[in-house]
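Paired with chain B in one complex and with chain C in the other, chain A is shared by the two complexes that follow.
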Partner chain A sequence: MRVKTPPIGGVTVLFAVGVGAAFFASLVIGPADIDAWRIVKGLFGAADETANLVAAGIRLPRALLGVMVGAALGLSGAALQGFLRNPLAEPGLLGVSASAALGAVIALYFGVMALFPLALPVFAVLGAMAAALVIQGLAGRDASMLTLILVGVAVSSFAGSLVALALNLAPNPHAALEIAFWLLGSLTDRSMLHVWLALPFIVAGAGLLLMTGRGLDALSLGEKSAQSMGVDMGRLRMLVVFGTAACVGGSVAVAGVVGFVGLVVPHLLRPLVGHEPARLLPLSALGGALIVLIADIGVRLIPSQGELKLGVLTGIVGAPFFLGLLLKTRSEMR
Partner chain B sequence: MKTGWFVSSLAFAVVLFALTGRPLMAEPLSSAGPQRVVSLSLCADQFVLALTPRERIKGLSVLANSERYSPFAAEAQGLVRHRATAEEVMALDPDLVVAGGYTRRQTVDMLTRLGVPLLSLPPAELGDVPDLIAQVAAAVGNPEGGARLAAAFTSALTRARDRGMVGALYRPGGDLPGPKTVENEVIERAGLTSLAASLGLQAYARVTIEELVVHRPDVLIVDSRHDAGPSLGRQILFHPALRQMSAVHGMADVEMPIRYWLCASPRSTAAISLLTDKLDRLDGQGGRVQ
Partner chain C sequence: MSVLEADNVRVAFGAAEILNGVCFSLRAGEMVGLIGPNGAGKSTLLNGLSGILTPDGGMVALDGRPIDVISREERAQSVGYLEQNAVAHWPLRVDRLVALGRIPHLSPLRRQTAEDERAVEAAMAACDVVALAARRVTTLSGGERLRVMLARVLAGTPSLILADEPVAGLDPLHQLETMKLLHGLTRQGVGVAVVLHDLTLAARYCDRLCLLSQGQVRADGLPIEVLESDAAASAFGVTLKVAETGGVRVVVTAEKVL
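== the complex of A and B ==
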């Protein structure tokens, strides 16, 4: 089904500009009353010491992580939906994020990270990979939506329970209180260390996922047609599994589980690119970055006792969206 | 599975019998006070350990013997500890349970329903400690010991000269203990102006690194940087911004043990003298004090 596609360049540029604007807003909005110009100068170490510290040491890593985490989640969602040919596929719903959180929790609370900081994202990526492989095995491609969601629910709750168990067994007596971070995500008070820990994995994962474009396009015509067009399904599967695991693992390791981004973003953007997965991928990365940046500004602006968690906002938007999507696709579920 | 079920039913029946078979309330307390004292929480442990003869203490909280969390850890060595569930407490057959501080309300309700003599200590500030000492001393039948301890506590409740410096205790996750907390009062008694109080914060407020940078204290006090194990919240105490604040602005970084001010305790005054001492040394040199 070919539909007339609007010019892709314009949309991409529009979203890139949007991400740039949200990035800037994320830098200049915050509890400290520092005007935009001082923040900009502070980024280059040219303002007063307080503004330098707030701009470069606190807000810059937060905004960078917003872009990285959002892009990683948007891209993973688009790739999973394309590969599984299932509009409900998403790292959060499928339990990939929760499994990544399990890996990160083990690395952080049991001292592995203290010996070797990279263990945090590495363990998270391994967790995400395990979940991706389990889902592959259990649901497979072309599984009914119901099967896929049920497998996701099972993997998700299993990993979630293990996260809670690990936190309760952790040596630190306050560990169990931190479960909200792992369930709902947050970018509060992250530093450049977190950016450097996540960046290589997200960049590598995004690279792998962006390579899937042509294969996903062919796959949208059906697996047989894709193979007849010379698509190596085994290679495509590996790209999707490893790419998603690296993206989601890197994100969850530093930001916790931020739900629904990978579900909502590709859906909203798909009509803009004429339902072509190859063009949806980069646009979903931009859209994801935009949504997470906006949500992260939102948690700073909504007055609350202590800062809200990021997943609270994405969930408030995402869960009704998910229900709406279920209603729309209900006939296919049976 | 079957045997497991059978054993737990049996255990339940035994507990039921223990509960109903012997009316605890009707037993007259001996003139020397209760003989089987059980404490429910870390904070209650400390009053019980300070005022009760060792052989009468039949149960303490899990953390009672932790050097890190209790200044009475040495006294608690070798005594029975429990996880503060009603079932475990009843199994210790107490004739007095002292609760307070971090206690599950359901457990206290259950023990009350079961008719266990219960002394519940209210949340306390330093000024309430002599009164709490008197209450526990009366309940365990040691009023003279209580009077001595209360007098010693009151005389150790000193206040240092005002240093003209702002201090803040920064905890994992950005917690900043504020007005009406033991920590805040110790900070003020050691001669600092409390950042939490001057910002008008609640008793337990969260302050982000960014807010801390803007309202930079002269002295940053940490008590959880090197504790039982790593945690997400603890990462904030290693945030590069804190190091820069010390390097650039000369913000002093003072490490304190957490045990003296986690509870309003008969030994909380040790926190005042310890912090006063560290700040006195700081006045000369500036910088980091272990």
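== the complex of A and C ==
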């Protein structure tokens, strides 16, 4: 008998190719009627002025953000589910998404955004970081999983209430509408500036989360067994909390709240890696990127009065899908 | 020769004293039973010995060195811990679960080597779970799952093993097999400390018994002496008699202590 690490190269390569294909599709599909070749030339500034502008200024940042946001959300979801040993966990659970959204809403509400436009993403990242710090402070180093989840629920509700307060007290309907639209989540009309702003946070966060693999594997056997195998729970918790905050903060900053990606993607991919938390991490990043790219192409193709928001689509497709999935697999989850 | 010692260990959760000046030792090659009524502090002592929990007072030492100056990895390589009611939270393949036992030996970026694979294979053979290798752990029976969890501990090739109620909830056959397996390990030089509620199994397989009650060690010595001691009678609230039938020791509850 040989106990070998099972190969996952095939699946990973397949997903990487899928992301590449979806990325290309995201570049060439859009309302402006420009053929694929002109877009490709436009990326290098070698086409006509319109194509150059559409390719490099509109389509490229949108596709790049799709990859970044999707990967960040998929990876965060996989890490949180592994850490909490709960397939229902998602970045929203710790209150990080809600707090990032609150940061963005504050920027919109107090008109800081009008003073300098970058306030919107900066405030979202600050919100996510604040949530992570509050969670760390309240849950402490040796808190149980239950405490962590409950603190997350509290932070989430509080941030949600403050967003509701902002909507409630909005000075005019236009301001309320702006806030409501932000909360829906979208990749439309983003620039390379958004890409550069989110990139450092998402890269740093992904780096932290990818370091959690072995600890998450050990945690499959429970907290005590993991500790007995030399896992430093305090360090692991820090990596997960701050990694998630950076990834989700960066994502919400540029795309608003895109729900269910962090929930559905790890859940779907888990069987492909033998349910092993460490091997799920990189695959969930790829899977998240793939799903967000496809969904973002979807909102461009689905005919509607005004473009459908990405977060609306992921919610409408994600929620019932996940419910069905849960009902189907309930028996095998303990 | 490995030795794990607790010296005057105190653990308190808030106002509740769980362990109050406990001294205990476990040496390579011996099988020590930790017995005592519910809430005596047996599991807490194992947690303290395994480094999961840091005592509020006293010291735990591995081979004479305080456990808190030893790196987590080094400690985990020497001391294996089998959690009470050990379960897997994901439906992992059995061989992959056992391989998790190698984690203490893996540095952050190193993948499994041939040596790791050999240790995993040996552990699976020792616990008779080779035939289960491709099964999902969630599909196993209680007895099978325990053997798999024990194989996970053995895969880390620890010199000392701490097992928290490994036979709880198992049928008589599996209880016997588990105890035999643990006992067999001591013959290979591994030290085993095991929390037991079944006093007959304790009398039969342990070289030494340590009786805990209300956070203190009340007796520590040969099984028969500890079980028939006044300390055991007052700790359990019943007098115990060790009898022998067909060459096998049995412990019977004689009567309630008034």
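FYI, the second predicted complex is superposed on the first by the 256 of 334 C-alpha atoms of A that agree within 3 Å, B and C clash if a C-alpha of one lies under 4 Å from a C-alpha of the other, contacts with A are read in each partner's own complex, and residues count from 1 in each chain.
The rule is short, and it goes like this: contacts are C-beta pairs under 8 Å (C-beta built on N, C-alpha and C of every residue); 3 or more make two chains touch, one makes a residue touch a chain.
Since this is a predicted model, take the numbers as computed values, not measurements.
K.L.:
Looking at A:Ser220, would you say it contacts chain B, chain C, both, or neither? Reply first, second, both or neither.
P.N.:
second
K.L.:
In the overlay, answer first, second, both or neither for which of chain B and chain C A:Glu276 touches.
P.N.:
After superposition on chain A, A:Glu276 lies in contact with chain C alone.
K.L.:
May I ask you to decide whether A:Met229 touches chain B, chain C, both, or neither, giving the answer as first, second, both or neither?
P.N.:
A:Met229 sits against chain C, while chain B stays out of touch.
K.L.:
Of the two partner chains, chain B (first) and chain C (second), which one does A:Leu53 touch, if any: first, second, both, or neither?
P.N.:
Only chain B is touched by A:Leu53; chain C is not.
K.L.:
Is A:Arg85 touching anything from chain B or chain C once the two structures are fitted on A? First, second, both or neither.
P.N.:
second
K.L.:
So in the superposed three-chain picture, is A:Asn168 touching just chain B, just chain C, both, or none of them (first/second/both/neither)?
P.N.:
The answer is neither, since A:Asn168 touches no partner chain.
K.L.:
For A:Ser157 in the superposed arrangement: first (chain B), second (chain C), both or neither?
P.N.:
It touches nothing on chain B or chain C.
K.L.:
Which of the residues in chain A come into contact with chain B in the complex?
P.N.:
30-34, 49-50, 53-54, 57-59, 108-111, 113-114, 170-175, 177-178, 181, 188-189, 191-193, 305-307
K.L.:
Residue numbers of chain C touching chain A in their complex, please.
P.N.:
47, 50-52, 71-73, 75-77, 79-81, 83, 86-93, 95-101, 103-104, 106, 108, 111-112, 117, 120-121, 124, 130, 133, 138, 149, 152, 156
K.L.:
Quick one: which bits of chain B touch chain A in the complex? Just the residue numbers, please.
P.N.:
For chain B paired with chain A, touching residues are 63, 172-174, 202, 205-206, 208-211, 213-214, 216, 227-234, 236, 239-241, 244-245, 248-249.
K.L.:
Help me check something: in the complex, which residues belonging to chain A touch chain C?
P.N.:
Residue positions touching the partner: 1-6, 85, 211, 214, 217-222, 224-225, 227-232, 270, 274-277, 332, 334.
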